[in-house]
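Presented below are the structures under discussion, each in the form of structure tokens.
Next, two complexes with chain A in common: one pairs it with chain B, the other with chain C.
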Partner chain A sequence: MSGRVIVITSGKGGVGKTTASANIGVALATTGVSVALVDMDIGLRNLDILMGLENRVVYNLVDVIEERCKLRQALVKDKRLPNLCLLPAAQTRDKTAVNADQMKTLCTELKSMFDFVIVDSPAGIESGFQNAIAGADEGVIITTPEMSAVRDADRIIGLIEARKDEIKDHRLVINRIRPQMVKTNDMMSVEDVLEILSVKLLGIVPEDEEIIISTNKGEPVSGTDNVRSGLAYRNIARRLRGEDVPFMDLDALNNTWVTKLVKFFTPVRA
Partner chain B sequence: MQVLNWFFRHRDESVRVRAKDRMRLMLIHDRLELPPDRLASLEEELIAVVSRYFEIDRETTRFDLQQYERRAALVANFPLLRSKC
Partner chain C sequence: MSKIAIISQPDKGVLIDLGGCSSLTEAAHHLTSTLQISSDFWNGVNIDLNLGDLALSPDEVSQIISIAAEVGVKPAQVFASSKVTRSSLEKNAVTIGEGAPMKLPEATSEVVGAQPDDQVLSSAESEAPVEQVSSGEPSPATATDAQDTPTDLAVQSSGDDAATVAPSPEDATAAGEPPAPPAAPPAQPPQPVILYLRQTLRSGQAVSHKGHLVIIGDVNPGAEVLAEGDITVWGALRGIAHAGIGGNTRAEIRALKLQPVQLRIAHAIARSPDSPRKGYSSHSGPETARIVNGTIRISATNPD
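Up next, the complex of A and B:
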């Protein structure tokens, strides 16, 4: 088997990389393929929490690299999906515990075992990021429609494009879009961000309080029905599998009875 | 007034457009690793060179960077009044 290694990255911290990694992993596994989630944020481990697996972690990625255990021993099986595994980061080490060559070797081994290997990259553009992208075949860049996040995403896109021999494809996910704010022209739209960054779009994820709830429960939203951010991540997973899925209609999300009422009383735009 | 503002807010494109314009300019400079005053000094030098050959209309001179995919293009427009030769 030769799977695909996809790195999830953003440059700026706090835009939703880990949430995206967990949700894309769960959504892909739900479609039936085997998935390994790799937490490369060494020293700041979080992916295990989002997956609700923090109590099951025995070994970690650094243990594998330093040969204290076999790769299979370090993989933590998901609670619900038998075809989904997590390779946790070490919490007590730092980014220097792994180098790019070791990461490449690890990715090659994981690729032989899984259909998809999703690597959650740390924030920043330093060694941690460089190691995270070392074994990647594809990149997914996460941004929010805020200027600082878009600027950092641009930097990351530049760095990824410079390695196009290894990273064959990269696409953008615009996270935490607030349709109402776009409508009132208080926030950049999906089109604005795409125009500025000139990059292919993989998905749009609307701002959703359910994300906070799901993190607290340790159950990614993409595993739950009737959650709009969960649907967005399931669509992303289908697109990663090559399906042509139309992008979410953000205006439709706006059509609650309150907005309909406001629209009724608002003068028609000239 | 507050209520009226809220109703009419969607007509004002300024915040979104301003963010987009700032963003575009910032990224062009980022991508070229161009310090902010560099462009102004290039403009001055170019005007000086062109001015040796032509009298130019400084009022309508346009000089800026435009985005073309992920690259930038330098677009200069020097309206010429008459030749100095």
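Up next, the complex of A and C:
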């Protein structure tokens, strides 16, 4: 078996890399394929908390690389999905504990065990990022519709395109979009972002309070039904598997029963 | 290994080991930050230095000596394995240490993972047998792999700032530290060294110690405390604690607020339950974790 190594990256911090990694991982695993989530943010690990697996971590990525344990021992199985595993980062070490060659070896080994290997990259473009993309076959760039995030995403896309021999494909996810603000021209639209970045679009994720709740609970939203951001991540996972899924109609999100009711009672003028 | 280690030498005070540093600047930086813990902290303590295999010129040696002199420390003897450094030490009229300096023992064998199934912490010892939860990890096959953190008096910090260290109980009291009431039980022969640490350990910081470990402060999630003996936290224990490294199943972990992510004693591992502990509030008072019938149990700490 040779799986696909997909690195989730953004350049800017706080745009939702870790949230996207957790949700894409869960969404992919729900479709039945085997998935490994790799946290590369050594020293600032969070993915285990989002997955609700913090208390199960015994060994970590650095232990595997420094051969203190076998890879199989360090993989933490998800609470709900038996075909989903997490390889946690070390918390008491820093980015220099790993180098690019070691990451390549690790990714090759993981690829032979799983259909999908999702690597959560740290923010920045320094060694931590370089290590995270070292073994990747594909890239997913996360951005929010803000100028600063888009600028950083542009820089990252440049770095990824420079390695197109290794990273064959890269696509963009626009996160935390607020349809209402786009409508009133207070936020960049999907088209605006795509015009600047001119890159293939993988998905659009609307802003959702449920994300905050799920982060605190340690249960990614894509595992729950009836959550719009969860649906967006499930669509992303299907697109990653090669399915053709139409993009979410953001206007429809505004069309809740309350707005319909308001519209119904608003007199139509000729 | 850490850049700097502080090793307590039985009856001979403290050895500051700079053997992990690769350059003079690094050694100078770590020595300065360590010695500046407090100006009178090192008073009356016999201090030896180990320069490891650093090759230093006479000028550089005098630089190191003057760093120590700034806080009133005059090393009793200095160990060095490099010939260049030894001759530089002679030129500076510094006593060269005879024989080999004390070293941090190499990592202990058989640490974590001997117990394949992790257990959920039970709220009280009186409760039904600890709920066995199928392990999140594939069962560890080899348990002989060593822990990388050096044992004995080494404080590691992921940042550059050296952590505060108190070398031994005697020295600690001399420096104005109050003796912590719930100190280690005296019954254990031979008397292990106790490390008092007066600071809150934050995420990413790790402390390991060969004897008993007393922390006056909190241990936050993401921090790790490891000891061959008992671990006592005069505060909230919210991170990972591993007592009895090397296989001491009689080791205990106690804290004013016991809310750990994971507890490990000798080869046993217990993790926190996924839902909040039943019947537990932060006002529950001090609690002790120990091994009962091979599994980790928690009970209220009673003075006995």
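Everything below uses one rule, namely that the second predicted complex is superposed on the first by the 256 of 270 C-alpha atoms of A that agree within 3 Å, B and C clash if a C-alpha of one lies under 4 Å from a C-alpha of the other, contacts with A are read in each partner's own complex, and residues count from 1 in each chain.
Keep this in mind: a residue touches a chain if its C-beta (ideal position, glycine included) is under 8 Å from a C-beta of that chain, and two chains touch if they have at least 3 such contacts.
Bear in mind that the values here come from a model prediction, so they are computed numbers and not experimental data.
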*Determine, under the contact definition given at the top, whether A:Gly158 touches first (chain B), second (chain C), both, or neither.*
first
_Which superposed partner A:Asn99 touches (first chain B, second chain C, both, neither)_ = neither
*Go through the superposed model and pick first if A:Thr31 touches only chain B, second if only chain C, both, or neither.*
neither
_Output check: A:Thr224 vs chain B and chain C. Expected answer is one of first, second, both, neither. What do you get?_
neither
*Partner chain(s) touched by A:Ser127 [first = chain B, second = chain C, both, neither]*: neither
*Using the superposition on chain A described above, determine whether A:Lys70 touches chain B (first), chain C (second), both, or neither.*
second
*Please name which positions on chain B make contact with chain A in the complex.*
7, 9-17, 19-20, 22-24, 26-27, 30-31, 67, 69-70
*List of chain A residues in touch with chain B within their complex*: 147, 150-151, 154-155, 157-158, 161, 182-189, 192, 195-199, 262, 265-267, 269
*Can you check the complex and tell me which residues of chain A touch chain C?*
43-45, 52-59, 66-70, 72-77, 79, 91-94, 218
*Tell me, which parts of chain C touch chain A in their complex?*
112-113, 118, 135-138, 140-142, 145-148, 156, 158, 203-206, 221-224, 261-262, 269, 271-272, 274
